[in-house]
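Next come two complexes built around chain A: one with chain B, the other with chain C.
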Partner chain A sequence: MAYSDKVVDHFNNPRNMGSFKKDEEGVGTGMVGAPECGDVMKLQIKVQNDTIVDAKFKTFGCGSAIASSSLATEWLKGKTIEEAQKIKNTDIVQELNLPPVKIHCSVLAEDAIKAALADYQKKSDTEPVDTK
Partner chain B sequence: MKVQPVSKDTDYFTCLGFPRRLTLDPKKLEAKFYELSRAFHPDFYQAKSPKEQTISLSNAAVLNTAYRTLRDPIQRAEYLLALESGSVKDIRTSPPADLFEEILELQDTLEQYRASDRESDEGQQLRKTLQTEKQTLDRRREEMESQLRQLFTGWDQLQDRGEATSQARAERDRILKQMRELLSHRTYINNIVNDLAATIAS
Partner chain C sequence: MKLPIFLDNHSTTPMDPRVLEAMLPYFVEKFGNAASRNHAFGWAAEEAVDQARKQIAKLIKADSKEIVFTSGATESDNLALKGVVEMYKEKGTHIITSSTEHRAVLDTAKSLEAKGLATVTYLPVDKDGMVNPQDVEKAITDKTILISVMLANNEIGTINPIAEIGKIAKAKGVLFHCDATQGVGKIPVDVQAMGIDLMSFSAHKIYGPKGVGALYVRKRNPRVRIVAQMDGGGHERGMRSGTLPVPLIVGFGKACELCAQEMTAETARLTKMRDRLQTDIMAALEESYLNGHPTNRLPGNLNISFAYVEGESLLMGMKDIALSSGSACTSATLEPSYVLRALGVGTELAHSSIRFGLGRFNTDEEIDYTIKKVIEIVTKLREMSPLYEMAKEGVDLKSVQWAAH
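Right after this comes the complex of A and B.
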């Protein structure tokens, strides 16, 4: 099976690889895995004033999984929370031209986005609101 | 009698004439496989109608897949879970965050090692760390496999009793869920262990 040029590009030059401190203010962490293939994905967002100002990922898995999460972080930057909720795995499939056997990688990336957003929202609900 | 196609609804256990149990005697399984293989072998259908030839060929293919799946205890359990999970609520278990962190950290160490000069002190030190990590993970995998074997026995005993009480149903769901969890964790560990082994060996 041949990977598309975009997958190869993201795989060779992954964007935004790394991580933030989990307890840092405004950081949401999503940690997901695919039990079928054993891939593991960690995706983090940094939010300021309801906008995602930065995103990072770490993925242990195949080329498509790395490319999917790399692309996801690129897309997340600059989006509002609401806009980020709308990213669908099918968008990733289309952009990267993923073959059917690799669709689960894009699903994993969508799950990771959702998990990171949920974590951020949970944290911001419990964090004391700054009242100045 | 004419050859009949194996129905799509026939599961691999039925196909090979075994009950849905997780501890199967490999010798009996093999014997049954050979017996059925002979019955379906395309060579015996050369003088038959093209339709019968096609059926015997596709039956032989199903039989091969069935045997390959049931022969391996882990694949057998995965398959059983897929068959049974339709009726188990919430079989999706929560992701093991600690294990994921561990895997991603190990991944970092692996990267460092790959980028290092293998002969240098740093390279040697990293290699030692990776070897120790691999041994620990190997042990954990063995531990998981022994827990799985216990669950397999538990499942078989439960099926043998064949009770329809709510207690038996709860027990069934508990076993399937634990099995799902252990099998998933084992896959994650398997992947990183293979990666470790390949990198250390290279």
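Right after this comes the complex of A and C.
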């Protein structure tokens, strides 16, 4: 099985790999997957004035899972919350040229985005208004 | 040093140039059919086949008349199980095998079950992957006609107590088949001392050509009979019809001869390289776990799980080293190695496993390179792993409520 050039590039040069402090202001964290399934993704966004100003990921998984989450952080940066909601797993499949057996990696990345956004919104509902 | 490095010698092996040299005359010059009894072309082919049969039999301490040529170990396994079940169906229909067998045995057993031709007991293995001979003894009933246990496992290299199982089989009057594909040519095999009645093995695992294998079928004490699964000209004493692939058989014979001559030296060399690979990697990387038996394993085998990193990504990070993983990331079922699962290795560690298979043509320089690369990539991927981060923060990963998908 050959990997697409884009998957290889993201794997060798992961974008935005790392972590924010979970309790930092404006940070939303999404963690999806399970170790026994062979992939776990942690995706974090940092939001200011409704815009995602930074994003980070850490992934346990195959090359395609790492590439999917790396690409997701790239796409998230600069998007508003509303725009970020619209990222679909099929966009990731297309961009990375994922084979059918790796589609679940893109699904996981979409789930991670949704989870991070939901976490941010949950936090911002309870946080002081001045972060908005 | 040439890249990529081949460290997947359990899957197949490169052919030894000496084997190729022995085969070459039998393609164009001596092309005869070994079954042609009436002319010199046939005689030359038959002579070559006889010679190979002797070389092969000698390696496993058998008589050359007990070697039945097949297309490979998968066919041999099929012929042994199906051939015995069909031949001895009046006597019984029960088979005993183990849960870590190669799929050529497991799927054949399952197929016999599905057709209602046999009932099968799949014995568990211990944490090192070993079958307990007492379990075999306890599983035998008056309907048991066959025990099938592998000599050495293809993933973890663990060597089973074959002689003990053979003794039990003999005492109970049950036939004993051994899938010895990974063991023949690598460790001493003696079908007499081990009490083996049928044994499968192939040429391409021992630096011979692909496409040829053998089934050893005992001729006396007891005389084993099997029903042929291929009908035709009645070759191989009626057990396997089909024109013999003379060049492949000549190569198989030569490969066995070389293994017999070089086994002691090769075992010493491979064990030394393998031990160094194991020691250096495991000393540098915390939470790396050996899979399989610590000492009782094939000289060229090493199987390690690296906690918090996934196997396929490890392979991807070492593109210039050919290795294999127990990870299931490419399989549709998402089920990792059933062999590792049978040892009680957790699913997450099974996903994190790498199999190193060292062989005749690997060098110390290649091992040095591999050690360096493995340490590099595991370290890099752990930095990328949320699980490693959590473990470092003191989170017990088992206590986390994962959203399984």
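Everything below uses one rule, namely that the second predicted complex is superposed on the first by the 127 of 132 C-alpha atoms of A that agree within 3 Å, B and C clash if a C-alpha of one lies under 4 Å from a C-alpha of the other, contacts with A are read in each partner's own complex, and residues count from 1 in each chain.
The definition used in the following text is that contacts are C-beta pairs under 8 Å (C-beta built on N, C-alpha and C of every residue); 3 or more make two chains touch, one makes a residue touch a chain.
What you are looking at is a predicted structure, and each value in this text was computed from that prediction instead of being measured.
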Quick one: classify A:Val40 as touching chain B (first), chain C (second), both or neither. both
With the two complexes superposed on chain A, say which partner A:Ile66 touches: chain B (first), chain C (second), both, or neither. second
With both complexes superposed on chain A, which partner does A:Val101 reach: first (chain B), second (chain C), both or neither? second
First (chain B), second (chain C), both or neither touched by A:Tyr3: second
After superposition on the shared chain, which partner residues are touched by A:Ile81: those of chain B (first), chain C (second), both, or neither? neither
Which holds for A:Phe11: it touches chain B only (first), chain C only (second), both, or neither? second
Is chain A touched at more residues by chain B or by chain C? C
Who does A:Val32 touch here: chain B (first), chain C (second), both, or neither? both
If you lay the two complexes on top of each other, which residues of chain A touch chain B in one and chain C in the other? 31-33, 35-40, 42, 58, 60
What part of chain A is in contact with chain C in the complex they form? 1, 3, 8, 11, 14, 17, 19, 31-42, 58-66, 101, 104, 107-108, 111
Residue ranges of chain B in contact with chain A within the complex: 95-97, 100-101, 103-104, 107, 180, 183-184, 187-188, 190-192
In the complex, go through chain A and note every residue touching chain B. 31-33, 35-40, 42, 58, 60
Inside the complex, what are the residues of chain C that reach chain A? 308-310, 312-313, 316-317, 327-332, 334, 336, 346-348, 351, 383-389, 397, 402-405
